[in-house]
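Each of the next two complexes has subunit A plus one other chain: subunit B in the first, subunit C in the second.
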Partner chain A sequence: MAPPSTPDAPLQAPARPSTRGRLARLALDGALAVENVVAGHSGPSGAHVRVAEGGTAVGVIAAARPDGRYDVSLALVARPVSLHPLAEEVRRCVGEAASQVGLADALGTVDVAFEDVREAGPATPAGA
Partner chain B sequence: MPVLRAIVRLLTLLLLVVLALAGVAAIVVAVSGGNASLAESVGLPAVRDAVSGFLERLEGGRAAALVALIAAGAVLIGLLLLVGILVPTRERRFVLSEGQHGRLAARRGALGDVAEALVARPRWVEVSKVKPRPARRGAGGRLALTVASPRRDPEGDIQKTARERLEPLTERFKIKARVRTGRDHGAERVG
Partner chain C sequence: MATSETTSHQSSGKSTAVAKRDDGPAGLDSERGRTTIADSVVSKVAGIAAREIPGVHALGGGAARALSGVTSAVGLGDPRSQGVSVEVGEEETAVDLTVVVEYGESIPQVSQAIRDNVAKRIEGIAGLRVVEVNITVNDLYFPGDEAQQESESRVA
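Coming up: the complex of A and B.
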């Protein structure tokens, strides 16, 4: 039997993901959508893990800056390809993903760290 | 360097333990009272008797060489410990670039795997050893590879082709690559 409701109890508003959480999730999803990015990584100290309502996000940290924006740090596992173009593509996709939901102004720097290299499925040749 | 750092940590721990024990001994002597001083309680007079012969020889100038050797050793150990404390730890990651849009970094192993993939494709050479060494400060670092060709290609060709294949790393990032051939360890520095 459900407990009786008390009319004086404060109404609980449904939890809304914060801007920081949304940016972190967007950035990770954007990075994982890039070809030759295999997965997220928990980082050297295991700190790149975020537990949120939508599930655990492994491979991203978003940190607030004094100017109100959020710096995003991604820890990724990639295929053995040339890293610079891959990182640029990751940054571009993260920026696009933020723009699509109107959070481009909230996005600060995007750090990309490749923590591991792994073959997974068909890959673009190295150096391409 | 990691060995020096480990020794410094161990010595620090030992010194703290000794300091704690000395503090406990001082407290015990102070609380227990009695006529014995702290030095007598920990047996320092006996130690003085044991080393008095050596001290007399030292005063007589008969152990100068030994003392000089010990002093030089102590200075050397002190300098090594200072190096272990003051020299910054090498980054575990390669910082490949850093700018207003953010930082691009890669763990040593990941960068080594990429370098191996760049050089070895498509099984042209065998990369037997990859040793990435990030810079202590800032971006870049060094990358040492040992390669061998199963087809007995000339060493110059092997190194030249390996150098060209590493260009995506050496040209875009501040990485100096050093390629060795496995047969005679002739090395060529590039980047």
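Coming up: the complex of A and C.
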């Protein structure tokens, strides 16, 4: 018999993140961990935003393919550095992150779009 | 009074100089995915590169600078892209710049330095060949202009 629920206990266990959701999250996190990648971007149409477990992820779309894999599309803001090598580094890091959690076989292509560049400026004073 | 001088890297018009693309921003395909670079990125890189040149006071015409001040104040637009217009192809780009040069600087030398730096930065960052950098010098800046304007606005 299941133990009686307490008032503080959640009424429903959180849903297990989907493969698509996990891939999107790890792809964005992997991209943001790359030096000279500043932030995610909502993309030219604002579509690169997903609201899921763990909050809002800005800068990523994961879409299913007929073969069961998921193509990832990243929209990013970067420092003004050489962008094509940076995109390759992002792909490498995303692939590595997917391998580490056993999702390498689920990952399709990783498209990288640089939507903006931002220079490294002086730190903004708090409250400014 | 605006001083205007237009220089160009090539005599051909920009619209014919850039190989057209039909699939959006500049891109590079690979087996593992596609890389795209938005036109706004190329614009901003050009603006940043132009501002790096000593003797360049500002980018954009008077109206553009005034409008930029308003839009920046409300969080819209980016002053680094003002005065910059780009046409981006699959592998090439052409850039139009409107600049304000500090009085006393050699406009031909400043223009050439802008052209070289813009080409270097865009080729380095976006991997695009720069076929043209057209520069319009639409004003001269005199040190003390801002102080004078501020003083006049207080009187009025």
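What we mean here is this: the second predicted complex is superposed on the first by the 106 of 128 C-alpha atoms of A that agree within 3 Å, B and C clash if a C-alpha of one lies under 4 Å from a C-alpha of the other, contacts with A are read in each partner's own complex, and residues count from 1 in each chain.
Going forward, a residue touches a chain if its C-beta (ideal position, glycine included) is under 8 Å from a C-beta of that chain, and two chains touch if they have at least 3 such contacts.
These figures come from a predicted structure and were not determined experimentally.
K.L.:
Using the overlay on subunit A, decide if subunit B and subunit C clash or can fit next to each other.
P.N.:
clash
K.L.:
Which partner does A:44 reach: the first (subunit B), the second (subunit C), both, or neither?
P.N.:
both
K.L.:
Just to be sure I read the superposition right, which of the two partners does A:111 touch: subunit B = first, subunit C = second, or both, or neither?
P.N.:
both
K.L.:
Report for A:61: first if it touches subunit B alone, second if subunit C alone, otherwise both or neither.
P.N.:
neither
K.L.:
When the two structures are overlaid on chain A, which partner does A:91 contact: first (subunit B), second (subunit C), both, or neither?
P.N.:
Both partners, subunit B and subunit C.
K.L.:
State whether A:80 touches subunit B only (first), subunit C only (second), both chains, or neither.
P.N.:
The answer is both, since A:80 touches subunit B and subunit C.
K.L.:
Pick out the stretch of subunit C that clashes with subunit B after the overlay, from 21-29, 57-65, 75-83 or 147-155.
P.N.:
Clashing stretch: 21-29.
K.L.:
Would you tell me the residues on subunit A in contact with subunit B in one complex that are also in contact with subunit C in the other?
P.N.:
The overlap between the subunit B and subunit C interfaces on subunit A comprises residues 44, 72, 80-84, 87, 91, 109-117.
K.L.:
Okay, in this complex, where on subunit A does subunit B touch?
P.N.:
44, 71-72, 78, 80-84, 87, 91, 109-117, 125-127
K.L.:
Which subunit C residues qualify as touching subunit A in the complex?
P.N.:
25, 28, 30, 32-38, 40-41, 44-45, 48, 121, 124-127
K.L.:
Spell out the part of subunit A that touches subunit C in their complex, as residue ranges.
P.N.:
Of all residues in subunit A, those touching subunit C are 44, 72, 80-84, 87-88, 91, 95, 109-117, 119.
K.L.:
Looking at the complex, which residues from subunit B come into contact with subunit A?
P.N.:
92-93, 96-97, 100-107, 109-111, 113-114, 116-118, 121, 165, 168-169, 172-173
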